[in-house]
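As written, the chains take the letters A, B, C and D, and residue 1 is the first residue of each chain.
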Amino acid sequence: MINVGIVGATGYAGEELIDILLRHPDVKIVNLSAKIDKPQNISEIFPKIKGRIALVCQQPDIKEIISKCDLAFLALPHTVSMEIAPKLLSAGKKVIDLSADYRLKDTKIYTQFYKTKHQDKINLSKAVYGLPELYRTKIKVAQLIANPGCYPTAGILALAPLVAFNLVDLGTIIIDAKSGVTGAGKKVAEDFLFSEINDDFKAYKVDIHQHAPEINQELSKLADKRINITFVPHLLPLNRGILETVYVKRIQSPKSKIKNLVSLYKKFYKKEPFIRIRDEGDFPKIKDVVHTNFCDIGIKDSGDTIIIIAAIDNLLKGASGQAVQNMNIMYKFPEYTALL
Amino acid sequence: MINVGIVGATGYAGEELIDILLRHPDVKIVNLSAKIDKPQNISEIFPKIKGRIALVCQQPDIKEIISKCDLAFLALPHTVSMEIAPKLLSAGKKVIDLSADYRLKDTKIYTQFYKTKHQDKINLSKAVYGLPELYRTKIKVAQLIANPGCYPTAGILALAPLVAFNLVDLGTIIIDAKSGVTGAGKKVAEDFLFSEINDDFKAYKVDIHQHAPEINQELSKLADKRINITFVPHLLPLNRGILETVYVKRIQSPKSKIKNLVSLYKKFYKKEPFIRIRDEGDFPKIKDVVHTNFCDIGIKDSGDTIIIIAAIDNLLKGASGQAVQNMNIMYKFPEYTALL
Amino acid sequence: MINVGIVGATGYAGEELIDILLRHPDVKIVNLSAKIDKPQNISEIFPKIKGRIALVCQQPDIKEIISKCDLAFLALPHTVSMEIAPKLLSAGKKVIDLSADYRLKDTKIYTQFYKTKHQDKINLSKAVYGLPELYRTKIKVAQLIANPGCYPTAGILALAPLVAFNLVDLGTIIIDAKSGVTGAGKKVAEDFLFSEINDDFKAYKVDIHQHAPEINQELSKLADKRINITFVPHLLPLNRGILETVYVKRIQSPKSKIKNLVSLYKKFYKKEPFIRIRDEGDFPKIKDVVHTNFCDIGIKDSGDTIIIIAAIDNLLKGASGQAVQNMNIMYKFPEYTALL
Amino acid sequence: MINVGIVGATGYAGEELIDILLRHPDVKIVNLSAKIDKPQNISEIFPKIKGRIALVCQQPDIKEIISKCDLAFLALPHTVSMEIAPKLLSAGKKVIDLSADYRLKDTKIYTQFYKTKHQDKINLSKAVYGLPELYRTKIKVAQLIANPGCYPTAGILALAPLVAFNLVDLGTIIIDAKSGVTGAGKKVAEDFLFSEINDDFKAYKVDIHQHAPEINQELSKLADKRINITFVPHLLPLNRGILETVYVKRIQSPKSKIKNLVSLYKKFYKKEPFIRIRDEGDFPKIKDVVHTNFCDIGIKDSGDTIIIIAAIDNLLKGASGQAVQNMNIMYKFPEYTALL
C-alpha cells in the first residue's frame, strides 16, 4: 500500500485520478491540493464522488506532501510543475508529472512553444517519457515521469511500428487529429462556452500546436533521424476522446514489401495490455475507448499511402489512466490494476 | 423604409436582430453599437454574416443614434437599458427594449429581483408590454416597448386562454420550464462551459427565477386577481429553444364544463399569425419552432388536471423575433414581414 | 464466487451488466445470450470491452443456463421475460428480471399498459420489487426480483419520505420527468435518429406512460391509500441520466409542521449507501450521478408547495446497477461491491 | 414567376428546398411528391413549416408534374433519379437532380460505386455538373443539372485554384473530411441512432467513399491529367455542416513561387457571391457557414505542405442551396435570391 498526493486535484485530470485511485487496492490518497481560495472538501467540489472520499483539498503544502506521500501526481498547468517537482524529488519522492514541463528534452523548443524558460534542466535530463509501450524498462526505475500529452500518445502509438521498421517516407507524415474539449483543460473562455462549441467543429493552432514537437522528438528517436510531421488538431463537440487519422507514404524499399501491416502492428504490440489492433478493414471510434485506458488502432494499406486511425480517451490513456499505468509499473503492481 | 439602430449588437439577441432585419425589405440597419474595446466591422465579430453587411460596430454614441435612427433596439443587459432609453425617447425616437427594465410595473419587485433601484419610472409607466397576442392595439401606438422575457412569452401564451376564461384554480399553476443555453445570454463562466453542460441537465434558480414575477404580473392582469405561480427553470444541453410544461387544476364551476380545450385555444388565437395550436393528443417539440417565430401549443385535458405544453425559439419569439414583430405592428408593416 | 448468466446481453442494460460484473470479485459471467442471428463473441458486438472478456453470445439455451448459472439476469423486452423466468425458477435458479413483467401486482393494469395478458401469475405473486431502500429485508430471501423501472426508481425515492410520513396531499402529486435516450432501450426507429433528437427536446406519452402505474402502486402501498399521480416524461438530447422534478402540495395537519424537510430526508435515508440528500438550496444535476449507482435528491420547501428534484443514471440505479445491488443483497456481498 | 415541383420532398434535402423556395419571390411550389404510403399534407410531415404552406404530398405522378411544373427538383436516392428524369426531360421540362445519377461521366465508375448499371447515358452526356464557380456559363443554358455531392462541393472548391494553376504535386492530395449526420440522408439504422452518434466520432468508408471519384473527375478536368486523391470521411456528432482539411505538397517549379496563396484564392473567386476566403492565419468553422449557402476557405502555406480548410452547410451549399443557386442562374434571377 502506497500513499499518494495529487497536486492540481480540481481540474479534469485531477478528478479522473481521484476516480481511478479510489478503485486501486494498493493506493491510499492522502493529500489533495490545488490553487483554491479556501480549503474545501473535495466532494463539495465534485459532488459526483461524494460518499466515496471525504478529504479536504487545500493550497499545496510541500512539506505536508513530503511528509505524507510516497508519490505525487502533478496535474498542473504547464510551467507550474517545474516549480514544485524539484522540491519533491530532492526529498526522495517519486513524481508523475502530467504537464508538459519534463517532456521536451530540447529546452529551446520548450521555450518556443511554452513561452517561458525552463527552470529545472537537471531533472529534465533524468525524466523518463512515460509511454509504457516504448519505455517500460526505464519507467520501472524512474523517479520522475513525464506523462505524455494526449495527442502525442495516440500519434506516437499509431506510427511507432512503421517508423521503427523504417517503412515510410518520414517527410510525408500527416496527423489530422480531433479531440473532445476536455483535452484543453478547464478553460473559462468564450471559445469554450457550450453555445460556441455545440453543433460546431473547427481546426485550431493549424500546424503550430505545442504537441507537434513532442511527437517529432519521439518519432525522431525511433527513426534515428530528424522528423517534422504536419499536425492539425481539431475540436470536437464532445467531452472526451481523441481520434487521429494519420497519413504516410510508403518508402520504396525491399523492407517495404512487408505484406500485412495489420500483422506487423499486432506483433509489435503483442504483449501490451492496453493496445488493441483492429482486423483488416475495421477501424476504431471514440466510443470504443472512452472511459477506458485502451488505445485502439486500425490500419488501411492503400498501396502507396498508408492510413492509420488511432483512438484514446484523452483523460485516461491520454492523461490520468496512463499516469496510473506508469505508477503501477513503478511499484510493480499488475499493470492494469484499477484500469480495467 | 425606416432606419434602425441596434444597441448591444454583439450578443445573441443582437446577432439575431441583424440576421432578421437584413431580410426585411422596409428596414435599413444604420447603426450598430456595443460595449467593445475598439470599433470593429460587425462581420469580423460574426464571420457568419460576412458578405451580407459591412457596418462598423462601435461604442454607443447616443447623439449619432438619434441623428440617424427612427427606432432603436436595445439588446442590453438588465439595468443598462434604463440609462439609454430615456435619452432616445426624449428625442422622439421609438425604442424596443429587450431587457427586463421596462417589464415589471411594480418597481419594488424589480428591485427585489434585479438588485437595483429603478431609474426611469416615468417611461416605465408608459411602456407597453410587447406581447402582440395580448397588447396589439397598444403596441400600434407605443413609443416604448418592453419586449417580453423568453420564459414569460411561452408561459403566458400557454395559460392566457384558461386564465382569461376563469377555468382554472389560480393557486395551482406550475410551470416546469426547460431552456437552451442562449436563454442566459453570452455568459463567460464555468457553469456555461461546453464540458459542463454537454450531457448534463439541471434545474436552477428553483422557484426564485426573475421571470416568475413577470408571468405573475401578466396572468394577474388577465385574471383580475393576484396570482403566484410555481416556476422551475431547467437548462437543456442545446443552444436554442424553450419548452414549458404547465400543470393546472380545473376549477369546479359551470364554466369549467367547456368541453374541448383545444377548440377553446384555437378560437382564442384564431387570428394570430404566430400561434399554432396542436390537435388533440399532439404536442410540440423544440425542433418544430426553432429558427421560427412561432409559439406551438399542445393541450392535454386529464379531467381534474390540465397539462399545456408550449414551445418557442427563445431567441426569436422569445426575444428578437418578437421585437421585430412589435416593430412591424408599430410601423404597420405586415406583421410577419421578415419572420416567415 | 457465484456463476451468473445474462439473457439479453446485447442491449444497453446487458452491456452495462457485463461492465459492472467484470469488476465484481465474487461473480463469474458464464453465459451470455440474446436474440441474435448467429453466435458471436461479445467483444465483437461491444468492441469497447475487448480484452476484458471473451465469451460467445448465443441464442438463449435454457438448459445450459440452468446447468451453468446460479443466477440469471433477464435484460429482456417486456413480455419476453415471463416466458423464460418460470423455467429458471422451477429449476431453483435465482432470477433478477429487469423487464416490467413482474413489477405490477395487478395484472389488469399490466394488460392495459403492456397490451398482453400476464402468463405467470404464480411467480408474479412471489416476486419482490427490487428497490432496496424499501424492500431490503425481502430482497435478502427472494428468488425472483422485479427490478424497478428507471422513472419509478427516481420518483419513488423522491417521494417516499413525504408519503410515508403522510405530509402531502396525495391528490396533487406531479412528476415532470426528463430522461436520456437509452431509457427507451436500443430502438431502431426514425424518432431515435441522431438528427431527430440532437438539439431537440419534447414530452412524450403525456400522462399515459407505463411507468405511472408502477409509481402509483408503490406510493399507494406506502400511503396505504390509492394514489394517482400526474406523470409527464420528456426526452433529453443525451445518452444517460434521468432528472425528475416533483411537485406536491403540503397537507394542512399537525404533522405537516415538521420544519426541516431536508433533515427528514437525511434521516429517512441515513443508512442507505446509494442515496445522497443535498443540503438546503442545493439540487442535483444529471452529471453528478451519471456512471454511478447513486440517487441524489434535493428538496425545496416553498411553504404550500414542496419541490423535490431527484437524479439517477437510468442504466445504473435505474437498471443494471440496481440489479447488481439486489444481487449483492441476495448473496450477502457488501452492498456496494462493484458499484463504487 | 416559375412553377416548380419537388420529387422526394420528405427527406432532408426536400425539406430544405421547401424552406428556401417559400422565401423565393419568383417561384411557386406547385407539386410535392415522395414515396409515401398515402397522401399527406406536407405540414403534417414537417410541423415546422405549418402556417407557411399547405400542399398535399403524394406519390410522384409524372403526368401531373409535367402539366404543372416548369422545373423539377429531384431529391431522390441514387438510382431512382435516372428513372424519372428522362420522362421530364423529354417533355421539355428542366431538371435539377440532387442525386449522384448524372454526376459521373464514366459509367463504369458509376457502376463500381453505386452497384447498378446506368440507365440513361444519353441524358448523362448532356448533364451539366452544377458547380456554379466552375460551370456558370453552361448552367445558364442547361436543361439537366447534376447537382454536386456535398463532400465534392467543399473539396473541389478548396483545391480548384491550386490545381488550375498547376501549383501542387497531384499525387499527394489528401482530403480529411468531417460531416454532420444529415449528409447521409434520413437513414433509419442502428448506426444512426442518437445513442450511437452522440459523444462519438469515427471514420467510415476509409478511402472507398463514392464521392472520391466525383472529386477525381472534376480535379482531373481542371488539371487535364488523371488525379487520384486520398479521401477519408468522418462522422461528426452534429446535424449539419462539413469541414474538410486538405493537405497537398507544393510542386517545385517556377510557377510555384507564387507567394501569397490567400491572394491567389481571393482573385480566383473574386466575383463569386458564395465563396469567402479567409485572411492569412484565419480558418473557417462549421458554425460560420451553417444555415448559409457560403463556402468559407482558409489557407495555410507551410512551405512544402499546403493546408486548405473549407466549410459548408451540407444541406445548403452541399445540396439544396446550391440547387436553388443553379435554378437562379438558369432563370436569370439574381444568383443570391432566397439564399442570403
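Heads up, the rule we're going with is that contacts are C-beta pairs under 8 Å (C-beta built on N, C-alpha and C of every residue); 3 or more make two chains touch, one makes a residue touch a chain.
As the structure is a computational prediction, the values presented were derived from the model and not from experiment.
Chemist: Between chain A and chain D, how many steps is the shortest route if every step has to go to a touching chain?
Modeler: 1
Chemist: With respect to inter-chain C-beta contacts, which pair, A-B or B-C, contains the greater number?
Modeler: B-C
Chemist: Find the chain most remote from chain B, comparing centres computed as mean CA coordinates.
Modeler: Result for max centroid distance from chain B is chain A.
Chemist: Could you state the distance in Å from the CA-based centre of chain A to that of chain C?
Modeler: Their C-alpha centroids are separated by 37 Å.
Chemist: How many angstrom lie between the CA centroids of chain A and chain B, rounded to a whole number?
Modeler: 47
Chemist: Express in whole angstrom the distance between the two chain centres, defined as the mean CA positions of chain B and chain C.
Modeler: Here chain B and chain C have centroids separated by 40 Å.
Chemist: Which chain C residues touch at least two other chains?
Modeler: 196, 198-199, 237-239, 284, 287
Chemist: Name, in rising order, each residue of chain D that touches chain B in their complex.
Modeler: By the definition above, chain D touches chain B via 22-23, 47-48, 50-52, 199, 273, 276, 284, 287-289, 291-292, 294, 296, 340.
Chemist: Which part of chain B faces chain C closely enough to touch in the complex?
Modeler: Touch residues, chain B against chain C: 171-172, 174, 176, 178, 196, 198-204, 206-207, 230, 232, 234, 236-241, 243, 245, 247, 283-287, 290, 298, 300, 302, 304-305, 307, 309.
Chemist: Mind listing the chain A positions that touch chain B in their complex?
Modeler: On the chain A side, the touching residues are 12, 181-182, 186-190, 192-199, 237-239.
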